[in-house]
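This structure is in structure tokens; I'll ask about it shortly.
Note that the chains take the letters A, B, C and D in the order they are written out, and that residue 1 is the start of every chain.
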Amino acid sequence: MSQGQKLSFATDYMEGAHPLILRRLTETNMEKTPGYGVDNFSESARNRIREACHTPLADIFFLAGGTQTNAVMIDSILRPYQGVIAAESGHISVHEAGAIEYGGHKVLALPQHEGKLSAKIIRECLEKYWQDSNREHMVMPGMVYISHPTECGTLYSLKELREISEVCRSNHIPLYLDGARLCYAFGCPENDVSLPDIASLCDAFYIGGTKCGALFGEAIVVPKHDFIPHLFTIIKQHGALLAKGRIAGIQFDTLFTDDLYYKIGKTAIEAADRIRKALREKGYSLAFPSPTNQIFVCLDKEQYARLSNEVEMDFWEKTDDSHVILRIATSWATQSEDVDRLIRLL
Amino acid sequence: MSQGQKLSFATDYMEGAHPLILRRLTETNMEKTPGYGVDNFSESARNRIREACHTPLADIFFLAGGTQTNAVMIDSILRPYQGVIAAESGHISVHEAGAIEYGGHKVLALPQHEGKLSAKIIRECLEKYWQDSNREHMVMPGMVYISHPTECGTLYSLKELREISEVCRSNHIPLYLDGARLCYAFGCPENDVSLPDIASLCDAFYIGGTKCGALFGEAIVVPKHDFIPHLFTIIKQHGALLAKGRIAGIQFDTLFTDDLYYKIGKTAIEAADRIRKALREKGYSLAFPSPTNQIFVCLDKEQYARLSNEVEMDFWEKTDDSHVILRIATSWATQSEDVDRLIRLL
Amino acid sequence: MSQGQKLSFATDYMEGAHPLILRRLTETNMEKTPGYGVDNFSESARNRIREACHTPLADIFFLAGGTQTNAVMIDSILRPYQGVIAAESGHISVHEAGAIEYGGHKVLALPQHEGKLSAKIIRECLEKYWQDSNREHMVMPGMVYISHPTECGTLYSLKELREISEVCRSNHIPLYLDGARLCYAFGCPENDVSLPDIASLCDAFYIGGTKCGALFGEAIVVPKHDFIPHLFTIIKQHGALLAKGRIAGIQFDTLFTDDLYYKIGKTAIEAADRIRKALREKGYSLAFPSPTNQIFVCLDKEQYARLSNEVEMDFWEKTDDSHVILRIATSWATQSEDVDRLIRLL
Amino acid sequence: MSQGQKLSFATDYMEGAHPLILRRLTETNMEKTPGYGVDNFSESARNRIREACHTPLADIFFLAGGTQTNAVMIDSILRPYQGVIAAESGHISVHEAGAIEYGGHKVLALPQHEGKLSAKIIRECLEKYWQDSNREHMVMPGMVYISHPTECGTLYSLKELREISEVCRSNHIPLYLDGARLCYAFGCPENDVSLPDIASLCDAFYIGGTKCGALFGEAIVVPKHDFIPHLFTIIKQHGALLAKGRIAGIQFDTLFTDDLYYKIGKTAIEAADRIRKALREKGYSLAFPSPTNQIFVCLDKEQYARLSNEVEMDFWEKTDDSHVILRIATSWATQSEDVDRLIRLL
């Protein structure tokens, strides 16, 4: 229940953590471990993730949040004269308060479709750069950033991800995937991209925890060992090294035990599917064909006034003077009776 | 008990969190709150801290770790052409992997005595700068960084802190205090510096949580409202904004309920005092006159070999070919029987 | 004559300096002066520029080049969490190799028309930012960058510049004008924007030398004294402080003696006007209605092949498979007989 | 003659340029060349320098000033988590307004003797870092910066330079030499370090022009081709790319024609030697055993008052309440009669 007592579907990080995580933190609380991620809990978590990704040699680090993780990874992958290709709607392009530019790099924002970049548009950007006679006066595209699910709740198909990966590899630039909400991709029947697929097609990515059942935490995965030398020190330099690394380690160890990470996603998607079905049946239109835990619904003024009185949703954008888009998000914590209540209110 | 089963006094962040914190996280787990620190838990924590500091209008933010907090505060206080004065032994001078320089600022390292800067040495540095005819080609000292307790476990007296504050104010440069281990100052009978003293003498500081009983977390306090405009966005830009701000808020709310923060310090200092007494009685010499939870003991080769076999301590430095300094740290979590065992081993 | 012996209209910085500048450098060569711009030549140049701008108290600095000047000014005007609004086609957006991002700032690129921003589009950008409920997670627009003439050779009218200035002032953000080719604006009959207009409507700007008859050099003008504190040190920190400041000072002193700066512009525009007239008469179409020293002419494949064989022009862009845009630039150094030859070749 | 009509030995960059440079600029003034250093003058200068260095494949770039050159080179050689070792008295440590930190890197300042680092002290610094168990939390030493002549006017012997180079190579870190006043080393009989020596022992260096007879300009030499990939773009990103690259190219082409660079040094050293001889004969003491064009003379109050009334010298430092050190500098432009006058005044 929200602090304001109103039904709330505003976001997927409104509660604390999945109860199994809290239980595990409590059980292990008084064990003594060394700091900075070299403890046994973190090592166990790393091994579970390596196994889940089919990457026995992957370098894995646990950080506290997504913007931090993106900044660390982009800064450590790019050379100073390079920029990162991203969708105009990408989190790093819009909602990270200039964290990438703070690290000295330009975000080379490309047009997106429903939150996604295409292999074609990336290829054209690279060709344009390499054919430009003034390119030595320009920012060199040095890597590609995508998110899965995207900021619009949409998913790349395996085919699309393969095509993007192929463009990157043939142009010798790394592909990095922001998986802040990755569990909600894995919970979708429509999703055909697995963790091993991501690990084999991307050069680096992160598995989101904060929005996927953890108190906080994101797991960086670099499939090829030492692809980024001295990443530990770069993390420290960015102020992103957790002193009690175990706290993140225990959480990811729990998330990757008994498929908890996948179960969390499934719960959220089932709730979202029920809401989507009800919205369609009641004649609402959706802004993006999102199959994940984020639903973007178009409302007219009257609907907006009525619903927002009863339900907290996230204001997305005003489309014209009489219509708005609102985001409804489910999560591992969404209660069935809250979904029922919401559906009755629609 | 340490994972390695050995008696461990290596550091003050080997366990999880004070049990009251875990209990509170568990009790509140399913409440829904908005993100980014605007929840009621964080607001309650801010109010408790404002009260404890006697600063009803203070701006307060909760971040995940110390290096991050130092970087955010120093970057947000300094203008681009300014540097930060710190002790040569200061955490930002040595052990933050260049986080301050990453933000574009020089650390102006001054000689220290037992980890402390003096008002005199700061004044001389400022005078030297302002008298130098080439100063426009040099880095302008723009603020002063001190830590309390220091990295050597020592404490500033109220008189020393007042003198430093006076030098800063008469030179119009802010004073910033790193309180990573602040609870362990408050636990010392020798300490005569209170939170309201710090809040009135410093322009910004942080109250440490990670090393003082929290899972993680540091509370930035800026006594004068809006002294640092747009600090929220600067925190976001540094990747230091916690999505589930409540997790830090709940922890600090607990630490500042029923004097828990002070009790934690006291427990650790009592254990440290027992160890110090035993060390003195058995003829060991201490490297610094530290009254806090960190004890720096000088060992010869034989002592080092024998003790390090039984007890995990933190290697501090080699003083000559046959002597080393080791750090013994106690914390809120130190068990009385472990202290007994350690004393027997000395 | 070009080193390649071919007729060349490739750019406006192909020769050394206006002969009066070289003569003055030679005459004064053995005088001894202090460094870093405090010499009498630089002071005289500053006074002439102050007079030309009607800004007796302006702060004026001489730097070596345009990218450097833009980086220094934008870094010194913006706070770390702010970005700079610029046209998508602005020099800082495209052709400065990420110099602005290197300083930590996002270029907030807005759509342009013929190289120009409009007051309307700037106002909309600012309103959108200030109305966005997530704005604290976004880069705050902190200043506006325009160039006059623009990268497309077009000019702002006084009315347009006033409107932009009004938007900036009512939103309390500085307006900065890049005058790399300013002399060529002043040489146009169409131009109704004077130096005093610029100085009263902008918060900072630079008067270009490198492309306007100097060996090198740009004059920063900050009409309001100390609007940017410690700018000298910021210039030094950016590696942009000239040791022999006099070399730039003597050049600008010469450019602002006997209206040389204006005469230089006029010579170039008369040559450009002759070329434009011939192009129109021979049925060529122009890409932008540029009245300044840069002419952007659309060529089909056959025309391109024929002309580029005889004349060096600057390749601008490919518009479709059979058409390209080439830039023809005149300058203070353009010879009348070369214009005749070019016209015969069209 | 100084603008103030007083005899001036304040610095070595008080006049314009060596007359041969001005003549050459004038002769070539109306030739048309492409920008950004790809002109024939610059190519000729590069070839002359390659020949002088015995490095036929060296990458060579011409920049405007020393601080800029140091920043570009250090930023392009270091990885983000690395710092640069330099003498405490090094130009980058003290007098570049934090330009290196602005680029994100710590200057690891080591004790110096008469302005020089020793191989021993560099080796100890590296060993200390690599033996420190906390080194992953520290700034990694990533290169070594030395200046020759040093800021104290002293010279490394070939033996010393070889030892430093050997330490760097055995530790796989590049050695970079700041040659702002290199011509004045070559003019000293004591100097046994040649350009080919520097080119074979250093990984990058610059040959100073600004203080060695040019209007401005420094020539970066990277002996091994492509040791620094994309250096052109890095230079542009730092705002250090000269549009009319030819202006620097013509100057260095002239300096390296008919041994002008060496002759310039010789003239200055002969003047300095006459002054040094007179100082010694009259009982003055020198602060450093400098054989180059900078003389550091210790004066008591009375001497200081008397001499500074007649001669401009550079104030270096106050050594105690009644003594100061002043710098007397000669240059390519020092007139024999001015030396006579100075000697009479001593």
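Just so it is clear, a contact is a pair of C-beta atoms (placed from the backbone, for glycine too) under 8 Å apart; a residue touches a chain by one contact, two chains touch by 3 or more.
Remember, predicted model here, so these are calculated numbers, not experimental data.
The chain with its Cα centroid farthest from the Cα centroid of chain A is D. Taking B-C and A-B together, the pair of chains sharing more C-beta contacts is A-B. A straight line joining the Cα centres of chain A and chain C is 42 Å long. Chain B and chain C have CA centres that are 50 Å apart. Between the Cα centres of chain A and chain B there is a gap of 33 Å.
The residues of chain A that reach two or more other chains are 80-81, 96-98, 102, 104, 136-138, 233-234, 236-237, 241, listed in rising order. Interface residues of chain B, counted against chain A in their complex, comprise 1-3, 8, 10-11, 13-17, 19, 22, 25-26, 28-35, 39-40, 64-72, 96-99, 102, 210-211, 215-216, 233-234, 236-244, 246-247, 333.
Taken in their complex, chain A has these residues touching chain C: 80-81, 83, 94-98, 101-107, 133-134, 136-139, 315. Contact residues of chain A toward chain D in the complex are 75-76, 79-81, 104, 136-138, 140, 229-230, 232-234, 236-237, 241.
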